[in-house]
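So that you can tell them apart, the chains are marked A, B, C, D and E in the order they are listed, and the count of residues begins at 1 in each.
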Amino acid sequence: MDTKRPASFYFLSAFFIVFIIFLYGPTITIGILSFQGPEGGLTFPMRGASLHWFDELFKTQAVGDVWGAFRRSFALGLIVMALTVVFSVMAGMAFRRRFVGATVLFYLIIASLVIPSILVSLGVGLIFSQAGWTVHWLSSGLGAQLTWTLPFGFLIMLAIFNRFNPAYEEAARDQGATAWQTFRYVVLPMIAPSLLGVALFGFTLSYDEFARTLLTAGSRNTLPLEIFGMTTNITTPMLYALGTLTTIFSFVVIGVFIGTLAFAAHRRSRRASDAGKGMV
Amino acid sequence: MRSPNDLELVAVTKRYGDAVAVDNVSHLFAAGTYICLLGPSGCGKSSTLRMIAGHESVTDGAIILDGRDISKLPPAQRGTAMMFQSYALFPHMSVRDNVSFSLKLKGEDKASRHRKANEMLELVGMGHLADRLPDQLSGGQQQRAALARALITKPQVLLLDEPLSALDPFLRVKVREELKKIQRELGISFIHVTHGQDEALALADEIVLMNNAVIEQSGSARDVFNAPRSEFVARFLGGHNVVSLEGKRYALRSDRTRLVTPGDEGLDVSVTSHEFLGTHVAVNVIGPGDVELTAMVPEEQFYAAPVEPGDSVRIGWTAQDLHLLAG
Amino acid sequence: QDIKDVTLRQVGTGVSAFNEIAAKAKEDLGITLEMTALDSDATAQRVATQPNSFDIADIEYWMCKKVWPTGNLQGIDTSKLKYYDKIVGIFKDGKLTPESVIAQGSAPHTVGFVENAEDKAFAKEETGFMTLIPTVYNADTLGIRPDLIGRPIESWAELLNPEFVGKASILDVSSIGIMDMAMVCEAMGEITYGDKGNMTKEEIDKTIGIFTEAKKAGQFRAFWKTFDESVNLMASGEVVIQSMWSPAITAVRARGIPCVYQPLKEGYRSWGNGLGLAKHLSGLQLEAAQEYMNWYLSGWVGGFLMRQGYYSAAPETSKLFMSDDEWGYWLEGKAATGDITSPQGQVIEHAGAVRDGGSFYDRMGHVACWNSVMDENQYMVRKWNEFIAA
Amino acid sequence: MTMTKFLRLPDVRSWLLAMPVTLVLSFFLLLPLLMIVVVSFWGATEYSIYPAFQFDNYQFLFGSSVTYQVFLKTFMYTGITWATTLAIGFTIAYFLAFHVRSQTWQTAFFLLCTIPFWTSNIIRMISWIPFLGRHGLANETLIKLGLIKEPLEWLLYSDFAVILAFVHLYTLFMVVPIFNTMLRIDKSLIEAAHDAGASGLQILTNIIIPLTKPGIMIGSIFVVALVMGDFITVRFMSGSQAANVGRLISNDIGLLAYPSAAATSVVLLVTVILTISIMLRFVDIRKEL
Amino acid sequence: MRSPNDLELVAVTKRYGDAVAVDNVSHLFAAGTYICLLGPSGCGKSSTLRMIAGHESVTDGAIILDGRDISKLPPAQRGTAMMFQSYALFPHMSVRDNVSFSLKLKGEDKASRHRKANEMLELVGMGHLADRLPDQLSGGQQQRAALARALITKPQVLLLDEPLSALDPFLRVKVREELKKIQRELGISFIHVTHGQDEALALADEIVLMNNAVIEQSGSARDVFNAPRSEFVARFLGGHNVVSLEGKRYALRSDRTRLVTPGDEGLDVSVTSHEFLGTHVAVNVIGPGDVELTAMVPEEQFYAAPVEPGDSVRIGWTAQDLHLLAG
């Protein structure tokens, strides 16, 4: 139906535009304010424009260790990402058939998604302190974050496998592939693009996780904790500069992600350049 | 005339929980024949095929090929190969890679496996498309690629689950000829599941007609068509009327059911509808006891003396065309 | 093995967890310091519950009361302290000058000593084992926006003055906030406390009751918990009068916004920080930590922190590291003769400026109470939570 | 049964595959929650907690009128945020799914909606402050436009601000599942309704809304769970003046009052799980993926 | 014999961007007829139907029904109703609610609309299933529910887009009879899109054969089958051979193509394969110039003198069976 647009279309378009402005308002505010002049503060008006605060960000900080925190968050993000992908795929494979206890496990995973983060944080913190273990972003922090990223990864995998035709695996087995070969040569390449999505999800959920890391990160801060800490000590637009940089960094991550997908698609289509030249 | 390459089902049963999908079926599939497994939806055709292929476990019974019970072996070691309904070509591999996949798993080097794949693709007339990805192929081409992939494992028995259902009617007729040709050239058995009786009749050396988890009748296409054992078979194959005469039930081919002039032996019936089928016109009539019958009248004959719904007519047959049904 | 190879992990509040200090320590001593800055509560929590996550605790004296009994810190042998003599009296017997009256609350000297390195109970007087070696301290008061208020402010009672409805703020850290509240209630004449630093349940109820009412009447614009929030509230004009910390005032002024750390007639609420040694320290690490503490008191850090607007525990040693003008401005309450700069070199005051509240003795001599942990602390905390939630 | 045979059993295989997730969740979710329940009966001193079996924490919790106020407030935030995000989320998803015709644009617009999601939550929240403050962009603009004379005080540090931030943070969680469900509505159903004479509004109420219910439920579960468990947004946006249950817990945690925090947590946990299980009754998540 | 209820397409064109899906098509669909729109995939059948239904805008031209141009009206006001390929039953409503949906929209009260829906469901033999939800119905039942829903709006023209394609072959034959019966009873026009030529032949009073966005030929099923205008029509309908004789091309029905004894008029060819079709056997042969032909030999005749692939035979025909093709 490409008839004339109904009136509701124009109303909804306007609504959408307002929504986008609402959504982007803060991001843009941050963006602008991060270019405050050296004299400027966290609020409007702008006192000149400069890259001063970005520059500051790269100098040694008066307090804290932004770059250390960034490195930790990045590393943690990558680890969480890898584990999320691997564990979710495994669990997704397991749930392709019914097994005893599947329902219980399923609801446990859903619970993991809906239970308030602060409770997980508190609980993990308590366990570690009562057991006399040291909380560390690589142990308790990692675990607490996984309780958040795994359900997402798992649900995505369920969705993927819901639509995965088992005939492909049967075909592979028919061809003599072992379970592992079937997975390695058939299932994995086919779900790979979606796995990139799971990976991206895992990374960003971890990279931006605050509440679950709060009581579980131990003596060294992750980036969100550091940002939170900065609100305690840094009263300058440097905070916004950091915000702008993290946003840009996120863009780069998505860019790489989309780029990878596009590249893969491109490579696929190039393999048969005579496509469409005449089919039976 | 048993040969060691025959495939034999011995009292094979398949249960899903409480439901019986295949019930104690025994059958000998002779080597080198084109077999069609025919039957209505849910009768257990796919289950049977998948048990032979090894994609479904056998609840009970044995499957014998080459003198050994293959029912516990993994699919690839059975000497069977399967072609899937939606072809299940690996979408991320080129046609050549799809076809040579099993060779790769066996560890053959690239050159040799590509050579063999190319040969196989030539056989199915797909040599020029070996570099394409599956989604760059039409339905018929995909079908042939899948065939090549199944055949490269040199199976003794090729299993096909509704291989033509994804094709449009025009293509379907073309492709089924090719299937038959390839089977004849290779001399191996094809077991082809379908619920289209025309497909089965056209292709099969032997038709195995299933219903309700058991084999209802089997035999050559011609034997089954001309001598349906039961009312179900007669109705399912189509082209038959079932008439009750003196408490007995007979199958009567509808092309042997004629419109006759009053006075001849036959039944007085009334026309309900007629369908033009090109060369013939199917005249549907309803007779005493609400029995519905169809007479296939050659087209020019029909239009020479057309009848319309509501008309009373008389249908007749030759006694030797009546075929007594069991049960 | 050399102390140069030692790495010490210091956890503390943002007050003194400066990387400049770590850099200088590396330069002077060769010790590597890893600083983690947290808010007050988180710091106390870390020290109390994660003894192995730090080597040196940079905490406030009131926290000491909470965390010392956990046994996570060890007493510090004063004989190892080169500058013990230079430490001001506040941290020894509670008296700045012999005639000073000891303020109410958790005054540093009451939690400053133990009988021996392992003891969990505080000693009444100097013993030779300190719980913390004092580092910085200050006298806090209300910050105001003179431009928006336009009249002199003289009493803590002004915080609840209906004139400032919707424009006042108080900090949401119970141990500190309750003292501000007490100062206000006392100034208003509503309550006379037995000991502000150790209130009874009734006193707590009454104090919080008064503030809860004010909150419901819309007196407060917001509460702040972090340094940054206090600065922004003030700078953006959301709030014109609130509890505040000294460097926050400096930060507001640095933006060209007038802000005064208003001395009030009832006196100051004071606090002090000190460095504690983790229980697990021994051997070379312990030596390094002691070396670090001596260095801390030896003057450079003092000068650095004094430029932040704090006071050094051993001011004399710092004098060598400050110009006369700085010393005059920051400590003696004299008018600046030239530009006064922050430790980072930013100009924060020009010639002629005088520090709010005057000299060290004027300010620290007028301390009315110290940040406290009371006997009824748990009760107070619950009440405080209710106040915030109300 | 030999070991290898045992390992080949389908259920065993499934469990082996599900093992990592199970272990992680057992250790980092179940055990901690259990710990919280246990600790909620413990006692506390200034600096430590000690095992006990006492009901003090619950007594204090249920004995204080503030607790009820706070839970009420939590429900209020949840309810209003839910209704607002639902209204906005549904409208946006509806626009994207049914009014944007080309798939490319659909994807582009959808991505556009998700991008702000990539900035740190805390920073995004803080950045409302210069916008909504007494002398913030919003007030200045309104004053310049002559719409108001005095700055609007309730823009910041108010329930309004809290809910605004919630809506800003969580609307996307509504948009995604609803959009996803809408995309799967067969377009011929809409045509069939047109054919039957339905107007745009009738199609919306008779066809689209009923068929979008699963997506709405999933989005609602997300939003309700997130808002009920929040503590940081309320703190920042109310200027610490308001409290929901999460803040109550985080305050207690901050003050090392773990048993008290644990007791509150248990009550919150029960509340959330009850609420979500009721919502789960209306949707089969596995089917809707 | 034009009636006011005729549906007429006047120079209708549909373009999607640059692609022309329907190219300047004009046609008169007589009232009360069963019309089949037949053609290969992508030829523009669905586009044509959807323009009539109002689900696709008309790029150019007019659609006249009842004497007015309906091409700008909303679907419900056109006097047409559509039955969708996948039925498009509302999954959240019972069958009865589905059927009575349009009445509900018109504001009819519950009792009256349910009564009418029940009547309509009785008509299609679905009265007993009115309370079910669509996914509790089999394919054939869904089909009938969709039919009832379309018919309840009392359309002058019912539009059906491949209504039988989701059914299995057995059911397909049964249901098509019912469709035809209902059409005859209601006396309204059915326009039925399909790409199955047997379906079209069996059902249609008029076949409209499309190709490449235009109507290639139209007429009664018998006319089209017996007098295909072009090679495309002959091949697409099936059952025809195309032979070239003296530079001209002729269509020759394969049931009129006979195996003859050497000496008779005809062509010498070689057998490539044969397919058993029940009553006939299709003998596929290849002749001079690689022309492929099929002879339909009655089954008993074939088996009396069977030929096998590779055999040389002679095929023949009667001159009057040759039908000259255009172009």
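As a working rule, a residue touches a chain if its C-beta (ideal position, glycine included) is under 8 Å from a C-beta of that chain, and two chains touch if they have at least 3 such contacts.
By chain, with names taken from UniProt: A, D = ABC transporter permease; B, E = ABC transporter ATP-binding protein.
Source: prediction; values computed, not measured.
S.K.: If you apply the touch rule, which chains end up adjacent to both chain A and chain E?
M.R.: A chain counts here if it touches both chain A and chain E, which gives B, D.
S.K.: I need the chain pair with the most C-beta contacts, please.
M.R.: Counting C-beta pairs in contact for each chain pair, the top pair is A-D.
S.K.: From the centre of chain B, which other chain's Cα mean sits the farthest off?
M.R.: C
S.K.: Cα centroid separation between chain A and chain B, in whole Å?
M.R.: 51
S.K.: Taking each chain's centre as the mean of its CA atoms, how far is chain A from chain D in angstrom?
M.R.: About 17 Å separates the centre of chain A from that of chain D.
S.K.: As a quick test, compute the distance in whole Å between the mean CA positions of chain C and chain D.
M.R.: 38
S.K.: Pull out every residue in chain C that's touching 2 or more other chains.
M.R.: As it turns out, chain C has residues touching two or more other chains at 49, 232, 236.
S.K.: Going by the touch rule set out above, which residues of chain A reach two or more other chains?
M.R.: 1-2, 42-43, 231, 239
S.K.: Mind pulling the chain B residues that touch 2 or more other chains?
M.R.: Correct list: empty.
S.K.: Which chain B residues qualify as touching chain A in the complex?
M.R.: For chain B paired with chain A, touching residues are 53-55, 74-77, 81-82, 84-86, 88-92, 94, 101-102, 104-106, 131-133, 136-138, 140-141, 149-150, 153, 171.
S.K.: Under the stated contact criterion, what part of chain A meets chain B in this complex?
M.R.: It is residues 165, 167-168, 170-177, 181, 185-186, 189-190, 268, 271-272, 274-276, 279-280 of chain A that touch chain B.
S.K.: Where on chain D is chain A touching in the complex?
M.R.: 10-11, 13-22, 24-25, 27-36, 39, 88, 91-92, 94-96, 99, 101, 109, 112-113, 115-116, 118-131, 133, 135-137, 140, 168, 171, 191, 200, 221, 225, 228-232, 246, 249-250, 253, 258, 261-262, 265, 268-269, 272-273, 276, 280, 285-286, 289
S.K.: Which positions of chain B touch chain E when the two form their complex?
M.R.: 40-41, 168-170, 173, 176-177, 180-181, 184, 195-198, 201-203, 221-222, 225, 236-239, 253, 255, 273, 275-279, 282, 284, 296, 299, 303, 309
S.K.: Touching chain D in the complex: which residues of chain C?
M.R.: On the chain C side, the touching residues are 41-42, 44-45, 48-49, 65-67, 69-70, 166, 169, 172, 174, 215, 220-225, 232-233, 236-238, 373, 377-378, 381-382, 385-386, 388-390.
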